[in-house]
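Below are two complexes that have subunit A in common, paired first with subunit B and then with subunit C.
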Partner chain A sequence: MSTSLSVAATPSKTSHKSDSAAKSSTMSAVQRRNRWMMFFFILPMLVVFLAIVIIPSLQSIQLSFTDYDGISPTYNYVGVDNYHEIITSGRFWNAVKNTLILGIGSAFIINVISLVMALLLDRIHHFSGFFRTIVYLPSLVSAFIASTIWKYMLNYNFGAVNSILKKAGLEGWVHDWLGDSHIVVWVLLFLICFTLGGNTTLIYLSNLQSVPQELVEAAEVDGASGWQVFRHVTWPMLAGSVTVNFTLSLIGGWVIFDQIQVLTGGGPGFVSETMAFFIYRLGFGEYRAGFGSAAAVLLFIIVMITTVITNKYMRGREIQA
Partner chain B sequence: MSASIAAAKSVNSKPAKAKKQKEPWKVSEIVCMVVTAILFCIVAYPVFYAFLQSFRSYSEITIDPMGMPTHYNLDNYVRLFQETDFLAATMNTVIITVVTLAILCVILPMAAYGVERIGGKLSGFFYLLFIAGLMIPFQVRMIPLVRMFDMMGLYSTLAAVILVHLGGAAGFGILLYCSFIKGVPIEVEEAASIDGAGKLRTFWQVVFPMLLPVTSAFIITNALTFWNDFFIPLVMLDSTSAGTINVAINRMVGLLTSQWELIYTGAIISLIPSIIIFAAFQRYFIKGMAVGAVKG
Partner chain C sequence: MLSTKSFNRLTKGVAVVAALASTVGLAACGSSRAATAGGKDSARFLYATGDETWNATVKAIVDAYNKLPNKVGTVVAEPIPSGSDYATAMKTMDATGNWPAIVDMRDTVTYIEAGKLAPIPQEVTSLVDDDAYSAYKDGNVYLTPSTANNGELGFGIVYNKQYFKDNNLSVPTTWDEFIKLMQTIKAKGQTPLATAAGEVWPSGQLWKPIASETFAKHSAKDGGFWADVKDGKAQVADLKDDLTKLKDIIDNYTLKGWQSTLDAQTTTLLVNNQAVMATTSSGLGRLRDINKVKPDFDAGYFLIPDSEGNFNVLKNSVGDSSQGLAISKQAKDNGKQYDIAVDFLKYYYSVDGANVIEKSGTMSPQIKDSSKVTRNTEIPGSTDYYALLDSPKLKWYVNETPWKTFSTFNTFFRQSRIAMQDNQSSIDDTIAKVQAEFDKDIKG
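After this line comes the complex of A and B, so read on.
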């Protein structure tokens, strides 16, 4: 994302200094017309983007200072009451904690899984297309569908998981997987990370295959072990895709919703709520849209800060490497 | 310079290919293959399980959750369409996916081209504005959006879902297209404009065809995103609409508590288009995704 800044530096054409005054004024008239034309090119997307993304985001900030209930057309301004209530609410901090566990935890674990899968695929030279395909296939299953299937597989009485455990004689391991407040968050983390990585794996793989073979061979000639080659040759070369993948996983991790909605509905009680789910419940289930907007603004601040920090930190690591 | 690199690459690639054909089987490679295959079976197991269960009846599933189907017929599939409005939901999902992609394919490349060619500080400004959209999750803006659509009378229509998808896809789309348009030589456009073509014609006849590779990558990845989306239609469509496939399945989980076989069946049906899209465009998937993301 930060490479994008370079676009701003694209030099505009100002090379007609020596031209006569008359000619340069016609040139700039043409240029100006071209610029207007380009602006009309941008316009349709810009209108939709402003109406759907930018303006509602600003309205969220406005609504966060009101007692808007999501239905009635009027609302009153209540100052910072919503924010005050949120930061003193245990339910909100529980949602933040779950978001951190599930968001950062899954970003970290999925990246490790993806890297391992990419390293495996990188060593497969026969039928490599076939193996890439089967590694990618599971990611075609959406989070929603996977969660729906798991919901039934984890059913206490008739679910596949408990029935396998019973048949294997592990009666003690049988749990109410989604109803036990002590383990439910960790079950969710496991289910979110139950993947082979899909796109993340492919990005690592394409980066791995761009690592110059000469470097690896030179290190091997010098007597480096497999681990040393990975740690000191391959890993530094992967810095770019680690940044991209980790940032993307983290952005996805902050807004984990489908799994919660399908599997637990935030339960038991409020134990497994994430911030995205918390905002949804407040806005559309409990008719406290103003309060939900305040939570939404806090979510945005967290997403922005962590994205900028991880990007800064990891870009720094790239340059060092 | 670039020609010499290309030449070097082609020289390099030939021996590599020759080597590939003769490459001997190594034990370590076979171990990697086996491990990969086992991991695939583990991760794909829930889908296999749902597929098998979609051929059984509710009583069979609950009496023996791990049993195999005794007969393979499409009874559950027929019942799903007869007993629920799954057909309307499927049509809604198709309409949302196709219309959103069709509109995006027109306005997004134009916008990205405009952002790149408008020049000066405006380029940077518009680019950053669109990229900022990547950092604003849907959850942050959904409450005002529902309010806005409600006031406009669009709430619970497919148009609302399509508009939200359009806005949400802008950030990544501009990122992807701009990084690609930077590589399009401006001389070609200048030649076209000297020949008397207007900006609009230059774009559609000269530039747009050059953007086809990135367009196909964009369509494929987003087709899956729109098809698989659950949250946006959940928020934007209420019970007056049949919903999308995912919303319909979610409602069935609540209503048909004793018809697990229909839910497994619905899950399998929703996977079929994804698999068809993937099978048809596999080459683009595996290449396009990596190119787009690493460049960002």
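After this line comes the complex of A and C, so read on.
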């Protein structure tokens, strides 16, 4: 009502408003067109993504309630039997324990080592490109290839590691690194940290280089020690990259598979199985796709919960920082 | 110069074309793959790798077939991808709908029941010895043997013959002699035996010969030991003595590092004198591998005897629960690929084909014209292997496992045995877990 009154009272304004309405209408038409354009551009990938990721993932929820063997055209619904069997299985909890050790352990270790490496690289001014390349290089090698190399190096009877130890007179240190059930998970943790640190270092390094130098200099002028500068200036400024790196490392840790498959095959026995490997072994190697799907659903829930909690904590830390 | 409107129209067109091209391109990829699933005049032969001799045999027979002037088409040998186990490779292949025409088949019942295999025609089966194959319960033959039906004659011990000669040792004729032999070798400061459990499957190389005496006591008429366990006439606990013997050998006479040793590495351990004997499941094939790695190595072969001196060897279960060659349903639907597969199998079971197989180091399948086949005795130790076939101590036994969930149970049993050997669980705990798994997978 008020609009029509003002239109009648002020024709020039009306004309201006109608221009603006026309403009706005044109803009929204353009925006609509652009939206359609954008939609068409992402459509091919969306179709592929839906077909090979989302729909099969959703279907695995349905399959988790069946006895599907992964081959036969038919299957039976078994209710929550698969979930009950998983939760009461010692093998599953062993896989959970390994996943926690490798997931959380590698996330912590990788982040600490990467941060130290990034701080060192940040201070190196000669041959910095060379050193950065050296640090990043292991990330360019696929986990499969790196693991295969390690498998040969750690072989008990032929491996370079044991040969060197023997030649150095350290016979007592010789181990079946990948076959000793007491240490195999820790050996895996070491190897995973060794190959996965490059990207994390790179993110820390780029963040370190964006820390305002005037803040660092001001703290130094105020008499802060190197540690104090790091603790009260640099560390708070790194809060965002700590969140990103820790979350990525954690997710990477939950789904560790290649290294296990190549290095130990989950053995000896079941001792080094992780959740991802457990799902693979059941779903593919043992023709229990329904059971494997139930384990996959549980893994998804665990990853979601831990990622949300970690992220929430990290974001809170960022705000405080 | 394009107007904004024309530009928008152009970009929109590009987007639509891009979207269409991507979708059609993907479809094209699919159809291209389907078309090359064997090609118009070729058929793929998927075979399980791991054993070098079998790899060489597949290459030899495929090459020989492809040189035939009157062949129906070309056969392309395709190994199962390196690093993946058989079941995974098969499931991946099945998921992509990309079946080869000829398949080196395991877990056969699962695939017959899923309708993935085509019956093998009579023109092929008529060439094979009648005892070497059998029909499935629907009356069709889905599997014919890939090698001689010598059962698990290949599950034995390869040894350093020269070491035996130098130390006046002889091949054991009873179980007690076998243990004494290992004690003697150990007393001389050598490691008696190399074995492998870096992969799950070779764990049976030592276990099966040890357990064979127990398995052999169960009636062939009822299907053997596992059938008796299913029917409640036997239980996993009946294997306790055998598991104890296995543990004793692992603890006292086996080369350290067996947990991470791969099957193929035991050949190297033997020829490098790191152990005097090594376990194998490929018999003649392993002797050929040894000869290839170190031609001057004097290798021998024997079977682990039971307490009475008999060699209890699992007979090939012919038909659905065995392993052998199959033709895929996808090839049958294609028509041409089925014709190539049938023609190839006819050559495989001919005298010429059998001679090619023998020459490559594998013992050829029993065919109707077996008497015309030339045996390959060039491989050092192969005479030991052939002699076993004529030994009066050789006792064939049956242990049928015609349940499609047996593969699930067997993988669990293998892993549990390795865990037991590695002191992760006691023998009694292992028996209880394995029995529970059997009840769930087979009885349940």
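Definition applied: the second predicted complex is superposed on the first by the 277 of 321 C-alpha atoms of A that agree within 3 Å, B and C clash if a C-alpha of one lies under 4 Å from a C-alpha of the other, contacts with A are read in each partner's own complex, and residues count from 1 in each chain.
Assume a contact is a pair of C-beta atoms (placed from the backbone, for glycine too) under 8 Å apart; a residue touches a chain by one contact, two chains touch by 3 or more.
From a predicted model like this one, the values you see are computed outputs, not experimental measurements.
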{"item": "First (subunit B), second (subunit C), both or neither touched by A:G316", "value": "neither"}
{"item": "Partner chain in contact with A:F257 - subunit B first, subunit C second, else both or neither", "value": "first"}
{"item": "Subunit B versus subunit C as contact partner of A:V303, first or second or both or neither", "value": "first"}
{"item": "Subunit B versus subunit C as contact partner of A:L137, first or second or both or neither", "value": "first"}
{"item": "Which of subunit B and subunit C A:R288 touches, first, second, both or neither", "value": "second"}
{"item": "Touching partner for A:F158 - first (subunit B), second (subunit C), both, neither", "value": "both"}
{"item": "Per-residue touch tally on subunit A - higher for subunit B or for subunit C", "value": "B"}
{"item": "Touched partner set for A:F41, first subunit B, second subunit C, both or neither", "value": "both"}
{"item": "Touching partner for A:N199 - first (subunit B), second (subunit C), both, neither", "value": "first"}
{"item": "A:G70 touches, of subunit B and subunit C: first, second, both or neither?", "value": "both"}
{"item": "On subunit A, the residue positions that both subunit B and subunit C contact, one per complex", "value": "37, 40-41, 44-45, 48, 70, 144, 157-158, 261-262, 280, 284"}
{"item": "Residues of subunit C that touch subunit A when the two form their complex", "value": "8, 11-12, 15-16, 18-19, 22-23, 26, 83, 85, 87-88, 91-92, 94, 107, 110-111, 113-116, 197-200, 255-261, 265, 268-269, 274, 404-405, 407-408, 411-412, 415-416, 418-425, 440"}
{"item": "Contacting residues of subunit B [partner subunit A, same complex]", "value": "20, 23, 25, 28-29, 32-33, 35-37, 39-40, 43-44, 46-47, 49-50, 61-62, 64-66, 107-108, 110-111, 113-148, 163-164, 166-168, 170-171, 174-175, 178, 182, 199-200, 203, 224, 227-231, 234-235, 246, 249-250, 253, 260, 263-264, 267, 270-271, 274-275, 278, 282, 285-286, 289-291, 293-294, 296"}
{"item": "Of subunit A, residues touching subunit B in the complex", "value": "1, 3-5, 7-10, 12-13, 34-35, 37-42, 44-46, 48-49, 51-57, 59-60, 63, 68, 70, 117, 120-121, 123-127, 131-138, 140-146, 148-153, 157-160, 163-164, 167, 194-196, 199, 202-203, 205-207, 240-241, 244-245, 248, 251, 254-255, 257-258, 261-262, 275-276, 279-280, 283-284, 289, 292-293, 296-297, 299-300, 303-304, 307"}
{"item": "Interface residues, subunit A side, partner subunit C - complex", "value": "33, 36-37, 40-41, 43-45, 47-48, 69-73, 85, 144, 154-158, 176-181, 261-262, 264-271, 280-281, 284-288"}
